[in-house]
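These notes open a run of structures that come right after.
Paired with chain B in one complex and with chain C in the other, chain A is shared by the two complexes that follow.
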Partner chain A sequence: MAFYVVQFLTGLASAASLFLVASGLSIIFGVTRIVNFAHGAFYMIGAYIAFTLTERFSGAFGFWGGVVLAALAVALIGVLVEMVLLRRIYHAPELFQLLGTFGLTLMVEDLVVLIWGPDDLVGRRAPGFKGAVDFFGQNIPSYDLFLIVLGPVVLGILWLLFQRTRWGVLVRAATQDRDMVAALGVNQKWLFTSVFAVGVFLAALGGALQIPRDAVHHAMDLRIIVEVFVVVVIGGLGSIVGAFVAAVLVSELNAFGILIFPKISIILVFLVMAVVLIVRPWGLFGKPEAAARKTPGLSVNPWRPLTSNERLAALAALVVAAMLPLVAGNYALTVGSEIAIFVIFAVSLHFLMSVGGLASFGHAAYFGLGAYGVAFLAKMAGLPMIVCLLLGPLLGCMGAAVFGFFAVQLSGVYFAMLTLAFAQIVWSIAFQWVSVTGGDNGILGVWPEKWAASPSHFYWLALGVAALVTIALRVMVFSPFGYALRATRDSVLRSEAVGIDAKRIQWTAFVIAGTTAGIGGALFAYLKGSVFPDNLGISLSVDALVMVLLGGVETVSGGVIGAIVYKALNIWLVSQTDLSKLVLGGFIVLIVVVFPKGIVGMLEILAQRRRKSSPPGSSLLAKPIESAE
Partner chain B sequence: MRARNYVVGAAFALLAAGMGHSALAEDIKIGEINSYSLLPSFTEPYRKGWQLAVEEINAAGGINGKKLVVISKDDGGKPADAQTAANELVSSEGVAMLTGTFLSNIGLAVSDFANQKKVFFLAAEPLTDAVTWAKGNKYTFRLRPSNYMQAAMLVEAASKLPAKRWATIAPNYEYGQSAVAVFKKLMSEKRPDIQWVDEQWPPQGKIDAGPVVQAVAQANPEAILNVTFGPDLVKLVREGNTRGLFKGREVVSFLTGEPEYLDPLKDETPEGWIVTGYPWYSIKTPEHEAFLKAYQAKYNDYPRLGSIVGYQTIKAAAAIIAKAGSTDTDKMIAAAEGISMPSPFGEITFRKIDHQSTLGAFVGKTAQKDGKGVMVDATYKKGSDYLPSDAEVAKLRPKD
Partner chain C sequence: MSVASPLLEVEGLTKSYGGIHAVRGVSFSLRSGEILALIGPNGAGKSTCFDMLNGQNRPDAGHVRLLGEETTGKKPREIWRLGVGRTFQITATFATMTVRENVQVALISHGKQLFNLWGSAPRFDRGEAVRLLELVGMAGYADRPCGELAYGDLKRLELAVALANEPKLLLMDEPTAGMAPRERVELMRLTAQIAKEKSIGVLFTEHDMDVVFEHADRIIVLNRGTLIAEGSPAEVRGNPQVQAIYLGEGLLYEGGHREGASA
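Let's turn to the complex of A and B:
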């Protein structure tokens, strides 16, 4: 019995660490609607700075002072980031801020290694909490007890802050209805900055408090960010109590789950999130999002098919690309094939995001399923390459059909997180089912047949498929189905009023996007000759998001440009510099600030200005109204 | 859409501009790939190691009179990116061979690439047995002692312990899974009386150490096998120390004696764990002292195991090319099979039968000295003594 009590307390201690970080993320998201990917980076910087301070100043005062000072310092960095970077992009399309904070995260990962060196750092234990307390023969670390107390204390302070201060009232009001708060004349700039500072302070405090338990190293951010986001979503966005309950739920399920299934940790949080979201679409304590007041079409350039001149130009460009094998060597051609494949992947997500208004955080699942489909067919059934390429993507199609059915019941960030949960479940199956998938050692030897083996032939194949896919999706955008899909994106209520079955249309779009991603994955398997669980992983999903956002989410073909620019730059930087993450992150941040509509979105605006015949919609674009945030 | 292909062109122009060759045509170029951005704590010393080797080789007149140039690429910890890098090195840089890699899945991906493109690949670090056995191929050789070899070295010491109730803690991925599987198999062969009472599989890099330690303690084992390393190991050791998990229990642990993983533990270093590792401070052979002196003179820092791996990888590559007298792949394979060469750990041989080198490892016990973790009572175990019989190996490895 004593054991179960201790295991429960241990779970509570884990929950407290998780809650500190999650609460900050929840507050930030609730008010500013920013998906703050850099939250993990702030957590990590908090730990690094606290390490330096606690090493320098000894004694109890030095340690606790160092921890608090570190959190304050990072909060200050957070304020700078908010004022310099985020303030410029609140008007940008939804999720665009994700791109900016993603760029920051990349930069920080390289910066901490530059500043603090490559070694893992182990800090001091907390003065006064070094030992353990005996509980009927079981030891409980006293630091765990400290955390167990700290969690509810922080929860209480936050509750008082939100319920008993004017600032708290404003924050709650903004969480519920930002537009109304703005209309009532509240200065949102400072409200947002202060909320961001508080959120970052909590993240950094969470990081600093890990020093007595953990090693400080440059991958801490990614280790925590996804998990924390899951906790926030399970609890319900913007709900602090929800975040606390979710942290306890997840930690306790893990603490007791490993007693029965030792391998459960790898997937547990995602399983819990999937179940919770299917049962309660807004998380445990969340409320349905208020209907958007945005006038449909206001922020989007009216889409139109290409004119015949533009079609000719596109065709000419395609012909030029097809002539690449005449001048380029094998390496350039293989890179070209990879870029073409990522164009397929990016346009598939772009279709879902731009046309359907459904941002998937787990799109790599269908890319990876396509790749595994090919690998199974080629290695186990021994089918010829053409058949594999045609049938492989069906696995992506089936996955999208099953998961899409559940996912489209939700919307916004909840939709995104459910797709992430499904992707992680698929990933963990590929990772754990060693006898079938080879686990993380993957499936090797999936090489193309002779007719496609030479880099130029494969390049033509990939380019051709990419062109076909892009054209097909474009045609679909301007088909009746495309219009119906855009209607569900712009206003679910109005589209249903005119008789469109929104869920069915969105589900169909999800399956189309998943199948298309599967086509990309199928080609990718042959390009690399092997398939790994990586092909389904979070980082690939994030890559796809970045490509779409970089190209411009409000455009018809932004995904194409985004994929080319991001992938080419990424490959080139990794090859040329040891600090590729720093440079790439810096580039992304720069793009975010200079091109808040994405590359293609910005080009369109420039082109329209030059023509000087801009319709009223785009003049709004160029000068977004303050209060429309 | 129309702008797409212009951008392709621009991208390639950029790529082409970036490919300026610094090496001369007569130089011998070796391609090197590793997870520099993902695992800097290993790869930084590793890089220093191979740079020292390049300097020494060229100072001694190069390889058969030609200057050695190593072109190094980062794989970011992703197999797909490692293949892109391998392709660049082979197709565009025209390297004579590929070397490097750390993670097992990346080692396998590059090995499969080498097999497909008929390129010589000298794997430096990936430990999975599959590299030389189940998925071994003609083109792939490996330097470091494999999972099997390290497990066999540890089993030799572990089987002498009186403990009968064993628990295991290992990261939940291929390396952890196969380390536990081999250890269990070899251990149960020597000691049929052993019981395996618990196993914990925390996700790599994400251990929630408190509950794991508590769960293991609850099973009340007499001895524990640990396979976690890096930040996971730190968390496990800290929780284990506080909760008294290691008190009165024997612990056998993979890789923990390597400075990369032992040094961060400082005054938390547990006493008396049986570990594999690299006690650079107590190896008194002339070969190692020469290496140590050269390394410290150049970097004013002590070597980690990564330094040895990087150093010996390039030394081995150079020795193979020198013996082959050519950078022709088949000639290099012929030269590499059975080649013997000096190393900081003494003479090593690349076996003809499975292309595994006989580089060994040190087995010893952890201890604390002046608030730092050290390995004591360390003895060098030759790799050749811990490999299965040739008949067994032949069964494990597909025919070329």
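Let's turn to the complex of A and C:
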């Protein structure tokens, strides 16, 4: 019994830090509507700076002062980030801020390694809380008890801040209706900056307070950000009390899940999140989101099919790409194949995200399912490659059919979070069901047959499939179905009023996108010769999002161009520099600030300007060519 | 059209939000080709009543029948399939499409081609789309992005979209709200003309009494959720209760212009 009590208290102690970070994220989202991916990075910097400060200054004052000072320093960095970066992109397309903060995260990951080195750093124990309390023969670290008390105290302070101060009233008002707050003459700039500072302060404090419990390392940002997203979504976006309750819930699930359901411990949290989202989409303590006002900067650039000249150009690009094996070596061809596969992956997400307005944060699930589908068929059933390639993606199709049905009941951020939860569930299954999936060791030896084994042959195969998939999806964009899908994105009210069943249309689109991603995954399994849980992982899902956003979410060709640029740059940077994340992150941030419409969006604007300045009739070159490389 | 089977029959429609009775036992009917105005002061329950007719809102009690078929509790899209066109108080259009494409989406839906993955939507029934746009005087704007239209044009586009499924009944919630006075009169004249030609029944709510008295064949008046008067424009105008509501609250003749008012 005592053991369980201790386990419970450990859970509560973990909840404190999680709550701090989650409340920060929640406040920032509530007011600025920015899904701050860099929140985990701020948490991590907080831990690193606190480590340095507490090492330098001795004594109790040195430790506690260092912790607070670290949080303040990171808050200052946060203010800088908000003023320099985020202020420029508040009016960018939805989720574009996500890309910017993701770029920041990448940069920070390399920067901390640069400054503090790649090794885990074990910090000092907290002065005054070094020992442990004996509880019926079980030890409870006294620092844990401190954290257990700290959580509710911070909750109380935040509550007072929001209920009793003018600033708090403004924050609550802005969370409900920020346009109205702006219309009432509140200086939004400083409100947003201050909110961001407070949110980042909380994240950094959460990180700094972790040092006596855990080692500081350079991958702690990704782990926390996923958990924090879960907490915020379960609790309800914008609700502090919700963040607290959900933090406790998630921490206890983690603490007891490992005891009671060791086989599915990782899934448990995501399972709970999925159930909460399905039953109460706005979270336990959140309120249903009011219908958002139309973004003033809404694209008024209607899509159109390629003109025949553009088609010829695209075909020419494809032919050039197909001639690569004549000049390039094996390495370049393997890279080319990988890029082609990621084009498939990116266009599949683009179809869902740009055409359907449904930004999936877990699209890798269907990519990975396609890969596992191939691995199962090839290794267990021993089927020939062609059959595997045709049937493997069906696993992605089935996954998308099941998960998509629930996901399309929601929209916006909640849709994103539910897809993330589903992807994590699939990942956990692949990771923990060792007897079938091989767990972390994956499934090895999925090699292509002789006809496709040489790099050039495989490259042609990948290129050909990528071209077909791109063309097929493009046809669908301009098909009646594609228009119906866009109609549901543009106006749910109007599409329902002209007889369109939005959920069915979106579900169909989800299945199409999932199956297509599965095709990419199937090829990927053969390219790598193996399948791992990482093929379904979050970082791969984020890659897909970045590719679409980088290319331009409001454009038709954004997926293709984004995938080529991002993947090529990524692979090239890794081969050129140890600081590839720093450079790539910097590049992404630059794109976000300078070209908030993405690469293709920017080219379209340039073309439009040229068209306006030149006499009418000479407006052939409008869109960038679309190759299928 | 025969009087035997009315186009729309509403019986004892009731809806309350918490303790507030938004609509209480409202009954009326509408014949084909008839233009019926639903008027009443702010908060009378007009929009609630409207939303229940096309299925956006579920009544607590009462029945709505369209051509004899019970439509109570049906979804808006199902009611649309039965032949009901709808325009909104605040326009709802597809902002990233061109004007013609907006109409084409409705035509695609009407033609049951929503799950057609291979055809070309921009070429779908182009002629009919242009014809509908011509009908509302928007053909010149066919290739313009819908997002850059002026508000009055959006209202006309909505009318074209609402006509795409060859409706028997048009539901127009404040069709002229937010339009310039001249545009208002034009839009309603156009609607009335189309309705007469195609024998479409029209139910509309409106605050502009000039519009109401010029075009309505019949008027029903709602106040605090109940129907207090029904009859020809002249009858309603003479109704002391209606006068009390409007003149007492000073809502009548808000614009002061009377160019179109019937004698």
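Just so we're on the same page, the second predicted complex is superposed on the first by the 597 of 629 C-alpha atoms of A that agree within 3 Å, B and C clash if a C-alpha of one lies under 4 Å from a C-alpha of the other, contacts with A are read in each partner's own complex, and residues count from 1 in each chain.
One rule holds in what follows: a residue touches a chain if its C-beta (ideal position, glycine included) is under 8 Å from a C-beta of that chain, and two chains touch if they have at least 3 such contacts.
Please read these numbers as outputs of a predicted model, since none were measured by experiment.
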Superposition on chain A - do chain B and chain C clash or fit: fit
Touching partner for A:Phe403 - first (chain B), second (chain C), both, neither: neither
Partner chain(s) touched by A:Phe415 [first = chain B, second = chain C, both, neither]: neither
Chain A: partner with more touched residues, chain B or chain C: B
Computed vertex angle (chain A) for partners chain B and chain C, CA, steps of 10°: 160
Which superposed partner A:Asp120 touches (first chain B, second chain C, both, neither): first
Chain B versus chain C as contact partner of A:Phe342, first or second or both or neither: neither
Lowest C-alpha to C-alpha distance for chain C against chain B (Å): 18
In the complex, chain B residues that touch chain A: 1-9, 11-12, 14-16, 18, 36-38, 40-41, 43-44, 73-74, 76, 78-81, 83-85, 87-88, 91-92, 104-105, 108-109, 112-113, 115-116, 128, 130, 135, 172-174, 177, 198-203, 205-206, 208-212, 214-215, 217-218, 230-231, 234-235, 238-239, 242-244, 260, 263-266, 268
Sites on chain C touched by chain A in the complex: 54, 75-77, 80-81, 86, 88, 92-98, 101, 104-106, 108-110, 113-122, 124, 145-148, 161, 164-165
Contacting residues of chain A [partner chain B, same complex]: 3, 6-7, 10-11, 13-14, 109-110, 113, 118-122, 130-132, 138-141, 143-144, 212-215, 217-220, 223, 227, 251, 254-255, 258-259, 262-263, 265-266, 306, 310, 313-314, 317-318, 320-321, 324, 328-332, 334-336, 338-339, 343, 431-432, 434, 439-442, 444-445, 447, 455, 470, 474, 524, 528-530, 532, 534-535, 539, 556-557, 560-561, 564-565, 568-569, 571-572, 574-576, 578, 580-581, 600, 603
Residue numbers on chain A that touch chain C, as the complex places them: 294, 298-305, 475-476, 478-484, 486-487, 490-491, 493-501, 505, 508, 554
